[in-house]
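Input: structures, listed below.
Shared chain: chain A. Partners: chain B in the first complex, chain C in the second.
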Partner chain A sequence: MNSRSLTFNVFRHNPRDAASQPRVVQYQLEETPGMTLFIALTRIRETLDPGLNFDFVCRAGICGSCAMVINGRPGLACRTLTAELPADIRLFPLPGFELIADLSVNTGKWMRGMSERLQAWLHPRETADIDALEARMEPDLAEAIYELDRCIECGCCVAGCGTAQMRPDFVGAVGMNKIARFRLDPRDARSDAEFFDLVGDDSGIFGCMSLLGCHDVCPKALPLQTQIAYLRRGMARQGWSAKPAS
Partner chain B sequence: MTALEKPGPWPARLDVLQSFSGLLLGLFMWLHMLFVSSILLGEEAMWTVARFFEGYFLFGYGLPWLVSLFVAGIFTLFVIHAWLALRKFPAQWRQHRLYWTHLRSMRHEDTTLWLVQVITGFGMFFLAPVHLYLMMTHPELIGPYESADRVWSGMLWPLYLALLFLVELHAGIGLYRLAVKWGNFSDPASARRKLKRLKWAFTGFFLVLGLVTLAAYIKLGIEHAPQVGEPYVPASLRTAP
Partner chain C sequence: MKISITDVLVVGGGLAGLRTAIGAKRRGLETLILSLVPAKRSHSVAAQGGMQASLANGVKGEGDNEDVHFEDTVRGSDWGCDQRVARMFAHMAPKAVRELAAWGVAWNRVQRGEREVVINGQRVTLTEKAAAHGLITARDFGGTRKWRTCHTSDGTGHAMLYTVSDQAIAEAIPVRERIEALALIHDGERCHGVVTRDLISGELSACLARATVLATGGYGRIWGISTNALINEGMGAALALETGVARLGNMEAVQFHPTAIVPAGILVTEGCRGDGGLLLDRDGHRFMPDYEPEKKELASRDVVSRRMAEHMRAGKGVQSAYGEHLWLDITNLGAAHIDRNLREVKDICRYFLGIDPAKDPIPVRPTQHYSMGGVRTDHRGESPWLSGLFSCGEAACWDMHGFNRLGGNSVAETVVAGMLVGEYVADYCQSRVGQADLSQALARQFVERERAALAAIVAHPGGENPIALRADMERVMTDKVGLFRNGPDLQSAVAELSELLARSRRVGIRGKHLDANPELVLAYRLPRMLKVALTVALGALNRVESRGAHFREDFPARNDRDWLNRTLACWREGDELPTLDYEALDVMHMELPPGFRGYGVKNIIEHPHSALRQAEVDEFRAGHLDRYKLQLALMSFKQLLPVRYRGRNARLDETLP
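This part shows the complex of A and B:
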C-alpha cells in the first residue's frame, strides 16, 4: 500500500509574543500505519518545527488535554486516526477557551470556573466516619453515576455548542452533566431546589437550545441528550412549582 | 465565573411557555393546512369547513366573530411565542459572526437547522401579522370564492407562498427540537434518527399539499376574477332564478 502524503494546515499564534500574528502554517508528512494526530503532531515537532505548541498527557483518550478542532469539528487528537481523515487536515485550537499558544488552550481555567460556579463537587449529607462501613448502593445506580463520571472535561462539548459560542456565560453540556451526576448521587445532600439555584436560568439548563452538537462530538460518547432532557424536565418542574425567590 | 444571584422561577417558566406555545402553534398550523386544503375536495367542501368554524351547523347560522375570537387567540399566542423566542436570537454582530463561523465549521445538521429556524421565525414576524389581521377583521371572507379572490385578485398569493415555506420549515424543525429537548427515549440515537425522518416527511407532505392547495386557489381566483367579490353560495342554498 502506498502511504499518503498528508498536508497539515495548523493554526499558529502565541498571544504572549507581541510580534506573533495568527496564521496557518503548512506541514507535509508521510502517513504511517496506525498514525494518530498525536503521532503526526509529535513527528512534526521532532522533525519539522520544534516550536509547535500542543497538549498531550495520556495518549489514550483519558486525560482530555488534546482536544482540538479537527477539520472543523472538535475531537481528541490522540483518538483520531489520520486514516479516517482526508489527506488535507486542518487543525485549530478549541474556540471559547483562552489560547495558550498554537493548538494549546487553557480548558482547565474554564473548567475550574464552571466547577466553582456550579459547586460541582459532592456535598455530603453527614461528615464521613472513616471507621464505619460505607453505605451500600445499588449496582445499577453506581453504574449510572459512573457513566456520567466518565467525563474528562476535554471541552469538546463547549466548542461544539452553538449556544456556548454565542454566550460565553453558558455552562455547556459539561456543566449540566456534572449537575446531573450529583443529582443522581444519594450521598449528595442537595435538593432540586438547590440545584435549581445553580442551573435554573438561561446561562444554565434553560439556555440550551438542543442543537445537540455536544452529544454528537463528545469523544466519550456520554449520553448528553438524555441527561440534558432529564435535567430540563426536573428543573422545569422545580421552577414551575417554586415560590418566587425571596 | 462567580456564584450568581438565584435565578428565581421565571427562566424555567418562560422556557416551558416557549416550548408549549410553539407546540400549540406548530400543531395548529398542520391542522390549518388540512382545513385549507379542503378546497381540493371541491368548493362545497371548503365552504362547509369554513362555516363549521363559525358554528353554522350548531346554530343554523354563522357567527363569524367566533373565528375572529379564535384568530385573536392565535395572534396572542404568536406574539408570546415570538417574544419568548427572541430571547434566543443572536442580537449582536459578534454573535452572528460566531454562530456563522461555528455552523460552517461544524457541518452539523441540527446546528444548521437552528439558523433556518431563526431566519424563518424572523420572516414570520413581518408576514404572519398581515394574514392574521385580515382573518381577524374579515372572518366572513373565508370561503372558496372569497379566499380565491383574496389570493389572486387581492394579490396575496406571494405572501401565502412565502408563508407556506416559512411556516412548514419552522414548525417541522421546531416540533422535532421539542421532542429531543424534552423527550425521554430509551434509545436516544435511534429515536433521533426516526424523529428526523418523520420531521422531513411531515415537512415534505405539508409543503406539497400547500403548493397544490395554493395552486387550486390561484386557478379558482383567475376563473372567478370577472366576478370578483361575489361570495360563494352552495347549491342547496341557491334560489331558483
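This part shows the complex of A and C:
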C-alpha cells in the first residue's frame, strides 16, 4: 500500500503576543504505519516547526493531557490513529478552556476550580485507624465506584457540551460525574441533600440541556447519560419529599 | 522579581509529592507544590497493576506479613537496598493502603466462596474465606512469595493519584501548575528553595522554603524508548547534581520492564502475568519455565527481561517491521476477566495495536521502565550533604529498591515515603536548623544566573540543533547503556555523551521568545539530561559486577566481596564528569545476609562476612522468639519511624495487642 501524504491544518496563536493573529498553519507529513497524532505532532515539531505548542504527558491514553478537537470532534490525540482519519486533518484546541498557545489549553486550572466548587473529594465519616483492619466493602460496590472513578479530567465532555459554551460556570459532565461517584460511596458522610446543594442550580444539573455530547465524546466511555439522569431523578425525589421552607 | 516564601516547597505533584505535602500541611506548615503539569496528569497515574502491602486477606495471601514482604524486597534488590529502609517500607505499606481506603480508593475486595483463577497456565479453583469477605484483595506479582498486590482493576495508580490529589485539594494545598524548577538556591550547606520558571508566561521567580522536597519522578526519558511519561526527564536528579554538593545514588540501577508493547513502548502491567498470562516465542512455545523452573514468568523483572533478551538472541524472537519481539498471551484468562481486571490493557491493545487481547497475543519486549537511582537521602528523605533538601518517590535513592525494584513496590513507595517524609520535613522545619534565615539576596543571585543562561540561549545565533542532539543522546543510551552492558560500549557511551554535553552548550533556537516555547525548554533541559545520562553511564562503566538490573556481560558475577556498596555521584562546578565514590553496605548489620535470590543465575562472589552474619542470624532464629522479638533482635528499625506510625498492623489472624 502506498503511504498517504497527510495535510495537518493546525490552529496557531499565542495570546500573550499582541502581534499574534489566530490562524491555521498547514504542515505536510508522509503517513507511517501505526502513526498516531502524538507521533505526527512530535514529528512536525522535530522536523517542521520546533515552536508548536501541544500537551502530551503519558502518550498512552490515561493522563488526559492531550485532548483537542480532531476534525471537529473532541478526543485524545495520543491514541488517535491517523489511519482512521481522512488525509486532511484539522486540529484545534479544546473550546471552553483558557488558551495557553496553539493546541495547549489550561484544563488543569478549570478542573481544580470545579473540584473546589463542588468539594469533589471524599468527606470521611470518621478518622480511620490505619493499624486496624480496613472497613469492609461489597466487592461489586467497589467496582461500581471505580467505574465512575475512571474519569481522566481530559475536558472532552466540557468541549462537547452546549451549556458549557454558554455558561462559563457550568460544572460539566465531569463535575456531575464526580458528585455521582461520591454519592455512591458509603464512605462519604454527605447526605443527598448536601450533594444536591452542590449541583442543584443552573451551573449544575439544571443547566444541562440533555444534548449529551459529553456522553458521545467521553474517551473513557463513562456512563454520563445515566449518571446525569440519576442525579436529576434523585433530586426531583428529594425536592418532592423535602419540607417546604418556612 | 517575585520572591515567595513558604515553609515546605514540594517540587512534583505526583503521589510522593502530594502525600508529603498533605503530611506537612497537617502538621501546621505552609506548604506549596510546584508541578510541570496538572497534578492528576503526573506519571503516578500510569501505575496499573497494583501496590504491594502484606494485608494477607485473600487465601493466597495467608501467612503473609511484613517479614515476608521485607525479604522479597531485599531479594528483589539483589541485596543492594538499605535493609532498614526496606523494613520501614514493609511496615508502612499496610497502613498506606488502609489510609487510602479511608480516603476513597475503591480497592478491589475479597468475594467469599469459590473463584476460578489461572496459575501456571492451569485453571484452578480457590475458595476465599467468609471472614475475609469485603476486605481488600490482592493479585500475584513477580518476585513475591504471596499474592500481595492490592489493586483497583488495572488502574491502581489512577485511583490512588486522584484520591490523594483530591485530598490535597481538600486540605487547600496550592498546586502551582506548569511551573518548572530551574535550579536549587543554596549556599553550599543549606538549601533555600528553588528558582522557578512559569512554562506559560516564561516569568522567572524564586520560591524560598525552609525545606525543599524533590518528588520529580525518574529519568527514563533519557532513553529513546521508555514506558515513562514524557515529563520524566530526570530534572530532579539534575537539580541536585547541579548544586555540586548534593549526591545521587546508584544512578546505573535502571529497570527494564519485560512487557512494553511494540513499537509504542507503552506498558502493559505485570498483572497480566500475575493473573496467569504467559510469555511465548516465535514458535508459540512457553519458554520461561526452561530458564526459570521455579518462578517462570513471575521471577523479578530484571531476570525476566534478561531471559527474554537471551531467548531472542537465541533466534526465538518474532521478526517484525519494528524489530524483534516476543508474545504476551493473556487469551487464556478469558474475556470476562480481562474486561474486569485488565481493562486498561484492553484499551491500550485496542487503540495502539488494533488487537483484542482476549483473542490475540500482545507483541512485547523489555523496555526502560524505572529509575532505582536518584537523589541520595538518609532514611528521613534528607540529603546528607545539603541541609533542607529532601527527596522521595522515584526521584530519590532512599534506598529500598537497591538494584532492582519489585513490581507493585514503586507506587507503594510513593505513598509510604510521602507519609514518612512529610513528618520528617515537618520535624526539620520546626527544628533550630530549619528555622535558620532564608536569604533573599541569594535568591536574586540564582534567579539572575538562570536569566542570563536563558538569554544566552536565545541570543545564540544558529548553533547546534537541540532536537538532533537529544536524538543522539537517546540512541547512545539505548544502544550502549541498556539491558546488557559491557566495558567497551560504556566507555564509548561516556565519550559520546561528553561530546554531546559540550555541544549542548552551543545550541541555538529558531523561536526567540521566552514564554511558552517548547524549543527553549528542550534547549535548557538538554545539558541537564546529558549530565544525568553521563552519571548513569559512568556509574555503569565503573561498576564491574552484575547486580539486579545492572548486568555486565564482561563481569557476570554479583561481586559481594568488592561491590556490596552504593554508588554516590556528585558533579563539582567546572568539572566535565561526575565524581564517583562508594558507600559500603554493612553485612554484619543485615537482617537478611546476602545469598541466592531463588531465581536468576546463581553466580556470586561471596562477601567474607556473609557466612559469619548468616551464622549469627541462624542462632537468633533457633532461639524461637516470636516474630516481632526476633526481628527486633536482628535489626531494630522502629525507632527510625515517626512515633505515630510505630503501631503493629492488624490482620485477620494477627489481632492488635
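Points to keep in mind about this one:
Just so we're on the same page, the second predicted complex is superposed on the first by the 242 of 246 C-alpha atoms of A that agree within 3 Å, B and C clash if a C-alpha of one lies under 4 Å from a C-alpha of the other, contacts with A are read in each partner's own complex, and residues count from 1 in each chain.
Simple rule for what comes next: a contact is a pair of C-beta atoms (placed from the backbone, for glycine too) under 8 Å apart; a residue touches a chain by one contact, two chains touch by 3 or more.
Everything quoted here is computed from the prediction, not taken from an experiment.
Contacts of A:116 after superposition on the shared chain: both chain B and chain C are touched. After overlaying the two complexes on the shared chain, residue contacts for A:139 are found with chain C alone; chain B is out of touch. When the two structures are aligned on the shared chain, A:235 is found in touch with chain B, with no touch to chain C. Of the two partner chains placed around the shared chain by superposition, chain C is the only one that A:61 touches, whereas chain B remains out of contact.
Among chain B and chain C, the chain that touches a larger number of residues in chain A is C. Of the two partner chains, chain C is the only one touched by A:124; chain B is not.
Counting contacts as defined above, chain A residues 116, 119 meet chain B in one complex and chain C in the other. Within the complex, the chain C residues that touch chain A are 37-43, 45-46, 55, 94-99, 101-104, 106-111, 133-137, 152-153, 155, 158-159, 162-163, 166-167, 169-170, 175, 177-178, 200-201, 229-231, 263-264, 266-267, 321, 340, 344, 347-348, 351-352, 354, 467, 509-511, 513, 515-519, 522, 647-652, 656.
Chain B meets chain A in the complex at residues 1-4, 6-16, 87-88, 90, 95, 98-99, 101-108, 110-111, 114, 177, 180-185, 188, 192. If you check the complex, the residues on chain A that touch chain C are 14, 16-17, 33-34, 36, 45-46, 50-53, 55-65, 79, 81, 100-101, 104, 106-109, 111-112, 115-116, 119-122, 124, 127-128, 130-139, 142-143, 145-146, 149-150, 152-153, 182, 185, 187-188. Across the complex, chain B is touched by residues 69, 72-73, 95, 113-114, 116-117, 119, 160, 162, 165-167, 169, 196-197, 200-204, 206, 208-213, 216, 223, 225-226, 229-230, 232-233, 235-236, 238-240, 242-245 of chain A.
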